[in-house]
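Below are two complexes that have chain A in common, paired first with chain B and then with chain C.
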Partner chain A sequence: MMKIEAIIQPSRFESVKEALLEIGIEGMTVIEVRGHGRQKGHTEVYRGREYTVDLLPKVKLELVLPDQMVNRAVEAILKSAKTGKIGDGKIFLTRVEEAIRIRNEERGEGAL
Partner chain B sequence: MEESVTPLSVLGPQCEAQRERIRKLFESGASAQETLRQLCELADETIRRVFGELQRVREAGTQGLALLALGGYGREVLFPYSDLDLLFLFGNDKIEEESRPLIAEFSRTLWDLGFRVSSAGRTFEECRRIEQDNAEFHLAMLDRRFLDGDRPLFDKLDSKILGGAERQSRPFLMAELQRLTRDRLARYGNTIFHLEPNVKDAPGGLRDFHSMLWMRQLAGERRDPRISPVNEDELTRSAVEFLSAIRCFLHYSNSRNDNTLTYELQAEAARRSLGTDDNLRRNAAEWMRLYYRHARTLNRQLLRFMEQRPSSALSLRRRLLNATLRAKPEGENGRPFAVRDGLLEISNEQAYADRNVTYSLLTEAARTGVCLSREAERSIAYIMAHPELPQRNPRVSWGVLSEILGADYPGIALRPMHRLGLLTEALPEFRNIDSLVVRDFYHRYTVDEHSLRTIEHLQELGDSPDPRGAHFVPLWRTVDRRDLLILSLLLHDIGKGMPVENHVIGSLQALETAADRLRLTPEEKAEIHFLIEHHLDMSATVQRRDIFDPATVAAFAATTGTHERLQRLSLLTYADIHAVNPEALTPWKADMLWQLFVGTSNYFSRTLDRDRLHASDEGVMLEQVRELAGGASKTEIERFLEGFPRRYLAVHSAAEMAAHFEMYRKLGTEPVQTELKGKHQAFTLTLLTADRPALFASIAGVLAAWGMNILKADAFANAAGVVLDTFQFVDLHRTLELNPGEIPRFQAEIAAVISGRQSLEPLLRGRSAGMLARPPKVAVATSVNFDDGSSEHCTLMEIVTQDRPGLLYELGSALARLSCNIDVALIDTEGQKAIDVFYLTAQNKKLTPQKQEVLREVLQATLT
Partner chain C sequence: MKRMGILCCGLLTMVLLGVPFLRAQQPPAPATSPTSAGSASSPEVPQAVTDKLKELDQKVAAAQSSADNAWMLVSAALVLMMTGPGLALFYGGLVRQKNVLAIMMQSFALMALITVLWALVGYSLCFGTGQFIGNFEWAFLRGVGATPNADYAATIPQTTFMVYQLMFAIITPALITGATAERMKFSGTVLFMTLWFFVVYAPMAHMVWGKGGFLNASLGGRFPTLDFAGGTVVHITSGVSALVCALYLGKRTGYPKQPMPPHSLVLSFTGACLLWVGWFGFNAGSALASNGLASSAFVATHFGAAAAAIGWSLAEWIKNGRPSALGAISGAVAGLVAITPAAGFVGPRSALAIGFIAGVFCYWMVTRFKAMFGYDDALDAFGVHGAGGTVGALLTGVCARVAINPIFGEGKPVGGLDGHWGQVGNQVVGILFAWVFALVGTIVILKVVDLVTGLRVGEEQEVEGLDITLHGEEGYNLES
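Up next is the complex of A and B:
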């Protein structure tokens, strides 16, 4: 099992969600986050006051998937989140040792 | 149980059979009251049997040990899966020690028989003490009931010990009960209108009723017919029966002590016509309206009682003040209301048969933020329903409603208006969403509650805002036509209660009827139409578009059109998201909204001269203006409008443009045309003339000389060099209001100064003393920023500085001295902060960096 953490533009979230649904992935955790990588922030002046937007709004998706689903999911995220501009985000993959469904204590991929 | 005569193997099935019988009885239509009584009897009987058996088996005497029922069980109100609150009362420590094994076995046995026991033990001495950190226990003790054991011990406790201790600790218990109640109500957002309410603990739930019973008990109250009229008792009884029936139904449906009335169970309850005996078929939404009606009865009574019995004693000063105020039957200043204990009270009930009087009270509430007392509300409700008092002036005018909606605290008036039925009287369309449940994963409240909450969230921006709202505070304080924004919020979701596919369409239909009835002007209606039609756009843009992309901002600016609309739409969106549920407006979302607002606002102020009007492209508008202008040719109108910034089109109606055109036609005979509109202290001056040096400074100078404080201004020029300036100002000394004869002289003086027939300096000298600025309440640092990139032809200069009388004149004069021409100006104020944007040229070119530097130095020196 792998955990996919994808940090994407908020504006691409709906497309990414639809793309994942299309390949049969319904479960995910969505978190509103702020941050920046190479895409630094910028300063906006409004009514004489400077507003520095150094941490840009992003959406973070977390999914844990069986190994055989991971490549397709990554592909779907890449295709739907990409605009080609700086700030499109990142995808991180990590191995997951165990998954447990709290309701019935089922373990392993069956719990996903 | 050891050596029990009736072993568990027999008693268990007996209890189970009894429970099943009672359940069937309830499901076949028995009342909740009867069901609860039988459940209580079953528990009493079983407990006595088990307690007696154990005492017999253990050969323990009953002396010095008594068993008491507390809380709901003590009141003989036991729901199917509720806990049994029990107290073991010991005569002394020794008996307590000896009884431990018996109590342990007793509890275990009852659990095995299917009862959820929650027991406590206290010695006689311990019961004398009031535990300051355990008010809940003492409140439960108020409902004590003897079950079994040493009766004389209980009687002694009840009459001699607790009676005195409780009397002494009444103020403490009352304060604690009110604190616990306030905390509980706040946990549920202080509203009965939850989509999936908890029928026990939420406002309007059974706990409200029990809390009121405790409060009355603590107040030592004898029933007072004025506090609880006969029909109110009947309403209460009916509400308690209805809610009790729901709670029984929920327990049986969930097979546990779960009191949440979920969507699924609402549908099932409606299908069974639960709690009703009229045999009418209702869908879930209609049945839920019954629920809210009953919940409102219980919640209203509790809140009124809490208001009448404040938890803390009044100070001597307050008591004296109250006594003085009570002596005035007509209230303050002859008005039939006055403020007492921080609430608006009415003093001449019969006067409220006249709606004008009622609305003057509500306007006062909206203006000052002082709430109506529940007692005042009840009196008005009584008078409204009283057949012997014919109602006068029942139809509210838009003028009166607008005053309420445009005030600082509109929600303070709208809440009682809604409870009293005045809101649906003024706005019958609102009835579509009254107590309406719309199933939704995110929304927590009924549609009417959501709508009222949007308004309250905006009003909160005026006081101590939620950190998420900090950015929006200045927007709320300075928003233009707040009344239209609030009316839009009242109407924006009305379509949810109409048989239409898209609720926005329904809400716009509601606007049509409301606008006709209230006689809104076409401009007012158009503004509300825009806000309703686009009320989801900003949220959608934030969530689905890249708000840092200039194309997104430009498209959003094209939708909103003007800064004023953007400001209203931003506030509406902020409030709409905030009122979905307490967590819906995350700091992340609030920040995104703010970023989009700032980006779009800056887009407006930086692109004014880029978007110029090409009159020939505006066929519909031209035709409207031509019709209103009466006899003018299309070419003439085109010539006048050609080249104005598009903002001109966005901020003026066709009628205003036609009026401007009329002024334009008169320029041949009188080269300076002015028009003054306004009332009281707020005026708008429109001036039309050929462009000339220092024009803006001259107008600002005359206004300063007359003591006028400029709040906003626009300065536009068309392609032919005709300038149209608009100044909104406040007549600080009420010169024009108190001396209407001075208005022609004021206008003539403006024309004379601009035409060069009169010098400005003598006028300003006469006013120089008055123009001396008072020390500012808030210090605003001066900043002067230039932007060469936003406009093709002009340099943008933004000045933020301390507002003061004559400021615009000083700025305009400095610009004129340095030969800077103002192409466009946008003047605004925010409290004591002036925010001015000028589009400048010098010799028809952008300002050079050197010129910008000189200008910065001159302005810094002038303004500091």
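Up next is the complex of A and C:
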């Protein structure tokens, strides 16, 4: 089991969700976050005063998948989230030791 | 007024000449002489006709009065709308989220507070007789009723005039709250505004608009200052006092290092548009009648606002590469301020010029001038009202035309464009007077208030926000 954490542009979220649905992934957790990498925010000007807004809104997806699904999911996210500009985000993969479904206490990949 | 007069005369002559026409259905022959019919008092005219004429006279006057009164009541309501919700929204959007209710509450408190002061002695101090301040002839509104006060507005009930002028007294101190925003105590604000109304507003309003006032243009002032709707009385006094307050109070904690962007330009946008509409009551209503002058002032107001919005936006576009919504609405307000003293004196082309100049000038004031001197006029009450009011009052002296408003008598030149450049000098006197008066008065009041209630909230309160610390509530409980 792997956990995929993908931080993406909010504007790409709908197409990422669709791309994941297309390959049969239905469960995901979505968090609205703020942050920046190399993109470094933008400036706003109010009556001549400049403000640098360096934390920009992003969307973070979290999915835990059986190993054989992971590559396809990563590809789907890459394809649908990419605009080619700085600020497109990142994907992190981590190994997950256990998954438990709260309703019936089922364990392992069957719980996903 | 003039047009109404001509209309009435026309009506009367038509009645005098026309009644026999209609009855006889033939050319003038029977009613031999317009001259004999014209002299109503001559013995040949039967009593019934003179009675009828008197009755018609009264009816014409009553018809004019009800038309004027309807417009003036609407104008009064429009001017109140400028403070709440207009200014409250405009300022409310410009502060940070944690102070939105505090600033709105200041405007609203003035709607209540000034109204009570006005009823007690305020109206009398502004519009009683005297050189520097009015007397107590109208104190507690004694004798203020349906009978017009011919010195000010001969065709509307004095009650209407009184309540219309009240709305000006409400918005003027409310404008100052833009400079003290996000750091002044509520108790201090209430005391300051009460004193400011008596020490600065009432004398200034009286000197410019009141009977016998020192700067009055039509009722025997020594330096006739043209101020149609309040360039000196409203905008210079409030704007200059705002600057003094900003300097005296000091900067907001964290200014200018910490970002303090407006929390909702959507609110500000809505407020600015309400101000624009309300300003028709402010300026066109200052004709004090529903006449041609009101229409002229209405048009000048609108044109001034439009040209100023374009002026500010263009300046910003050139300077920053992008025109902003905040810039456009700020420009419109600056134009409305500048056209206020001029509205009833200048034609539409002058209005466009005044507006455009004010838009560019106020842009420079709030972006460059403020940065050069580093004072924290939080919402630019001085940069817009003080600066715009001064430019407007000055240009009024240049652009005022006898053709629009023969305030010094039929055919007598009014402003510089009429050839009467001395008027610019009178305007300068009025402007300087308003500046010095507001400056000195405000310093004295601030000292007093500082001793009695204190002016600034504590730093912790300021950081936490005035909504919670002063009023015990929040503007937005979005998760509840």
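Convention: the second predicted complex is superposed on the first by the 108 of 112 C-alpha atoms of A that agree within 3 Å, B and C clash if a C-alpha of one lies under 4 Å from a C-alpha of the other, contacts with A are read in each partner's own complex, and residues count from 1 in each chain.
Everything below uses one rule, namely that a residue touches a chain if its C-beta (ideal position, glycine included) is under 8 Å from a C-beta of that chain, and two chains touch if they have at least 3 such contacts.
None of these values were measured; they are calculated from a predicted model.
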{"item": "Chain B versus chain C as contact partner of A:Glu75, first or second or both or neither", "value": "neither"}
{"item": "First (chain B), second (chain C), both or neither touched by A:Glu22", "value": "neither"}
{"item": "Broader residue contact with chain A after superposition on the shared chain, chain B or chain C", "value": "B"}
{"item": "Partner chain(s) touched by A:Arg34 [first = chain B, second = chain C, both, neither]", "value": "first"}
{"item": "Touching partner for A:Ser11 - first (chain B), second (chain C), both, neither", "value": "first"}
{"item": "Which superposed partner A:Tyr51 touches (first chain B, second chain C, both, neither)", "value": "both"}
{"item": "Intersection of chain A interface sets (partners chain B, chain C)", "value": "44-49, 51"}
{"item": "Chain C residues touching chain A - in the complex, by the definition given at the top", "value": "256, 259, 261-262, 320, 322, 324, 326-327, 330, 366-368, 370-371, 380"}
{"item": "Parts of chain A lying in touch with chain B, wherever the complex brings them together", "value": "9-11, 13-14, 32-34, 42, 44-49, 51, 53, 56-57, 83"}
{"item": "Chain B to chain A touching residues, read off their complex", "value": "474, 542-548, 586, 588-589, 591-592, 595, 598-599, 601-602, 783, 785, 798-800, 830, 833, 835"}
{"item": "Residues on chain A engaged by chain C in the complex (per definition of touch)", "value": "44-49, 51-52"}
